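Please find the structures below.
Shared between the two complexes below is chain A, which pairs with chain B and chain C, respectively.
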Partner chain A sequence: MAVPGIARGPLRPRYDAVIIGGGLQGVALAYELARKGMRDVCVVEASYPGAGASGRNGELIRSAFSSPEWATLFEISLRKWHTLSAELDVNVLFTPAGYLVLASTEADFRRCRLAAERHRQLGIRTDLLDARSVCQAVPALNPDRVAGGLFQRDGGFAHHDAVVWGYVRAAAWQGVEVHPFTTVTGIRVEGGRVTGVETTCGTISTPMVVDAAGGQAREVAALAGVALPTRTLRLEAFVTEALRPFLRPGVALLSLLGYCHQTTRGEFVGGTEQRIMEPEDSLRTTLVGLRDACQKFVDVFPLLAGVRLIRQWAGVVDLTPDLAPVLGPAPEVEGFWLDCGWIYGFMGAPGAALLLARAIVDGRMPAPLAPFTVERLYTGRLIKEASLVVASPESAA
Partner chain B sequence: MSKRVAFTFEGRTVSAEEGQSIGAALHAAGVRTLSWSSKYRRPRGLRCVRGVCPSCTVRVDGLPGVLACTTPVRGGEVVERIRPAVPWFPADRLSRLAPAGFYYEHLARQPRLWRRAERLLARLAGQAEPPAPNAVATGGFQERSVDLLVVGAGRTGLTAAIEGARSGRSVLVVERDYVAGGRLLSEPNGRELAERLVAEVRATGAEVLLSAIDLGVDDDGVHGVVHPGGLIALHARDVRFATGTYDREIALPDGDRPGVMLASGVQRLLVRERVRPGTRAVIVEVAREGDPIARLLAAAGIEVVARCAPGEVRSIRGRPAVTAIQLARGRLRCDLVVVAAGSRPADELVRQADLTKRAV
Partner chain C sequence: MKRILCLCHDVTDADIARAVRLGYDHPETIKRFTGALMGPCQGRSCAELVLDAIARETGVDPAMLRTPTSRPPSFPVRMALLAGGERVDR
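Right, the complex of A and B next:
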């Protein structure tokens, strides 16, 4: 049976570009490359499209970050989210219900106030809300855990399967081949240049390879002789049975390290992180994670007490020391590009793919991408971003 | 004659034999529709009758998400169905206009209209009220270690527990049902053997935890066990999965209607719960998998009007519950369709224990 967007034939012996990883980054980049006129683009995916973190994340979308680097990149992405359904001609179920960064303590609220100031300077529309306004906007919140919040009205969430498959289909219309269940076993480099990719389904000759392998990006880069200073992190999430609508916007719990939203169908989807997380690469969930999530969310949303969880799952990401993605060419191997190191990859993908395709085809790095090249990880000029809801590797120490 | 207990179902009193499940008691009282599917509001009723499918999800004493088929009647509780938020909305009848996945294909180019449609869908979809605050029991958390964890208190699990305990090991048996014995309880002469095995387990000092679910094992080898008393982080030196089997499913047109049940569920109603699952049955079977249930139905005086292969089924009629089946050979009146397609191992815990990084 033919699946829309999936290549029907076998791998061909030659492509202009091979993207390793059929997650959201990979398929979105393939689509943008083809739109820029690149012919013969191929995506090889070890499993099915979206099997990794693209299908396991919290689905939230915002651009309200506090550093100019993050805010600029994600604002481009957010604008794209608002027109993505029309562009791909697939309803990706983007729900612009807003994105609330919840401050639970006075210290959190001070962080929100600083961020709001930055957003004004950067031209991003956010509203700083006092505790009363937050409780009015989301009455299900426990007032004792609300010190205020930062609200981005045009943020929201989308349905990850719809987005991944929307891009797959749109990419296929542009001539891209997506090959699932095709594992990369080697990357050929001759004289400092990429010349081909070895897979379980045959060897491809190509002058350009993009590492968009998500949680496995470091392993893929190593095949090309590129050492990425990243570490694997496991994140966990859960979904409850469907309840009547009680939560409209997506919510991030700033110092509690959690994020959540209620789907159109009524399920509550959430995830939390613990302060100290071991580097992990297993897809098993943990009891520690389950207890942490239940305690935090029942505390913040008391009506969830007694609600049944129907699923819990884990996904892995490959993290950089500053938690920002790596976008751009790998300096030591010509023709080898990086689109990895993501932790906010779901919301960032549409914009990053657009910009990276420009960089690859035009041969010039667009300004918003320049800070995200891999060099920063070697020189130590890291990007400082204060409004991430993630336990950073440093804070674990 | 065993003791009788009673509970309230949507304003009326329903009586049950002590030990019966809420689902079986409701079935005996003629209630076939127990829930509605979330998207198309299709009526659903008892189907697997073993706590695996969500078709019998009801609200008990203010707590939503309770599986009627594996929750015992205690007496005095208030049971309600979780009604669609907008009961008059004919979602099932509109399903021809809006088939599965319709929302991916429409309103892609009308973002404003989609925003409004999305809010409407959310209103139509969200069904259950959250739990009543006083309905929630605050369970405790404990850490425990045992030499041997046995998952499943059927014949295999109980036997493994006895052997384990006799060799001097501490043993905990975790059982999803509220009675130990598994399928033995649904076999015509099985209850006696089940009770004997349980007594033997108790005599050896092994512990049996009922209404308890093993959530799986984490990388440190810790099992999460949820039971009515709370959550246990269980360190087990050794594990035996004795989780038995599930019935295989067959996709039939309108095969989710109340009255379409899996063979082992019908057997459980008939033998263990002593409830007549129907009066006229049609068995849809693969090979001769329907033989045992056909014999049991006949012995109980329930007429088996036909046995057929899945390919012969043209449609299943009746709304909300089954009243007839249309076969290639003609239409037959019936109020029970038994799906008998054999079984498959209940192996999800084994596979979870094997989870690796690659998702395939």
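Right, the complex of A and C next:
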């Protein structure tokens, strides 16, 4: 138990597919697999559903990326976000209040202008805003930190916990079993094929395993003998007391490496990264991270100076060298699939789950997924995406 | 009669009972579903009452309940105060 829709009985000895990780990727994929007609799908989760990064992220949603690979995948996801509450019959509090990429310098603004050009070519609706229009749209911004911006009108944010619960419940209606507090201890591989999963609640026989273990994805892949060239990174976020509505859209601070929004309850939620981040898998937070976030956000939104911060937390992600997710089969082990390496996983999950379920059930990779297979990490043909707000030695952002 | 347990978000014992009835029966998910322990006091004034209500509704021994993690800061702090001093980044 933990949330509605959780499996009530013990693990069965056999399933057609076992998804490791009951975060948003895992439960959304389970739902889509069941909708495609796959029977006996099981999700095993070490804690409660959504306990990892799915409940720790910044909740923002956009498709306005600058590479065709990212933009195509996330546009499919964004379209799903707009109808997700109705589809899952759960109010996920999707708020299409827009997503503003704030340019604080002329160099930022040039990046926004290039991105807007790409969006036009890709058919994604964004507006390039001059400094005055940005200040009009978000009057709380410090005008000295506004050089312009890029606005995606139908982007926004949603309530991350509600989305996980919605998918769990909808998956359960389709016959999926979600087993919380069940830790995977081994993956059985015989003759190059997946044959089973060993857990703290018993061993399962299955021909298909999906690694959707988020921050623990590399360790889970290693259990199947698959070496992922990823690294674990800790990200920190914070929330303030509730205050009067002052900020409608979600905002990304391009060169300041920050992102934020005001929740429907009135709290200001945000996170920042420093230019250099040490690899780290602890869930503890740091004073340095807290001070960095406060310095940047008080500078950008001066009214926050007097607002009280009430909580800081951390989450871990498992990052690929190009910061794009890994979606598709692991070539060295038949029946072992990867749905990991996410950093924009919250916004990308609904679309990726839909496409990955097609790939698994139809046995053919949909075109938007093809660039994201793991092979690119071995051949070095990485995806170049320039509009990520993530600190990394590899990325331009 | 309903009793308010969480003064920050007006969560009552009836809200906890309803959450458990619906299937949110773990302290971490009850917290997220009801908003209890998530307000400015972060459970400092209400955690005992809320956890007692959870224990009562779920039938789990209060000593066995997982208590949601306490996080910094120890009390609400104005952001300007935390922003003081030398710049961290750059």
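Here is the rule we go by: the second predicted complex is superposed on the first by the 390 of 397 C-alpha atoms of A that agree within 3 Å, B and C clash if a C-alpha of one lies under 4 Å from a C-alpha of the other, contacts with A are read in each partner's own complex, and residues count from 1 in each chain.
Everything below uses one rule, namely that contacts are C-beta pairs under 8 Å (C-beta built on N, C-alpha and C of every residue); 3 or more make two chains touch, one makes a residue touch a chain.
Every value quoted in this text rests on a predicted model; they were computed, and no experiment measured them.
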| item | value |
| --- | --- |
| Partner chain in contact with A:G266 - chain B first, chain C second, else both or neither | first |
| Touching partner for A:S282 - first (chain B), second (chain C), both, neither | first |
| First, second, both or neither for A:P4, with chain B first and chain C second | second |
| Chain B versus chain C as contact partner of A:E241, first or second or both or neither | both |
| First (chain B), second (chain C), both or neither touched by A:G52 | first |
| Most chain A residues touched (candidates chain B, chain C) | B |
| Partner chain(s) touched by A:D89 [first = chain B, second = chain C, both, neither] | first |
| Which of chain B and chain C A:L290 touches, first, second, both or neither | both |
| Chain B versus chain C as contact partner of A:G306, first or second or both or neither | both |
| Chain B versus chain C as contact partner of A:Q274, first or second or both or neither | second |
| Footprint overlap on chain A, comparing chain B with chain C | 48, 51, 241, 265, 285, 287-288, 290-291, 304-308, 312 |
| Residue numbers on chain C that touch chain A, as the complex places them | 22-26, 28-29, 32-33, 35, 38-40, 42, 71-73, 76-80, 82-83, 85, 87-90 |
| Of all residues in chain B, those that touch chain A in their complex | 38-39, 57, 63-65, 85, 103-109, 111, 114-115, 118, 121-123, 125-131, 133, 135-137, 141, 215-219, 222, 224, 231, 233, 352, 355-360 |
| In the complex with chain B, residue positions of chain A that touch it | 46-48, 51-52, 82-83, 85-86, 88-96, 162, 166, 181, 215-216, 241-246, 264-266, 280-288, 290-291, 302-308, 312, 316 |
| Of all residues in chain A, those that touch chain C in their complex | 1-6, 48, 51, 55, 161, 165, 240-241, 256-257, 265, 272, 274-275, 285, 287-288, 290-292, 294-299, 304-313 |
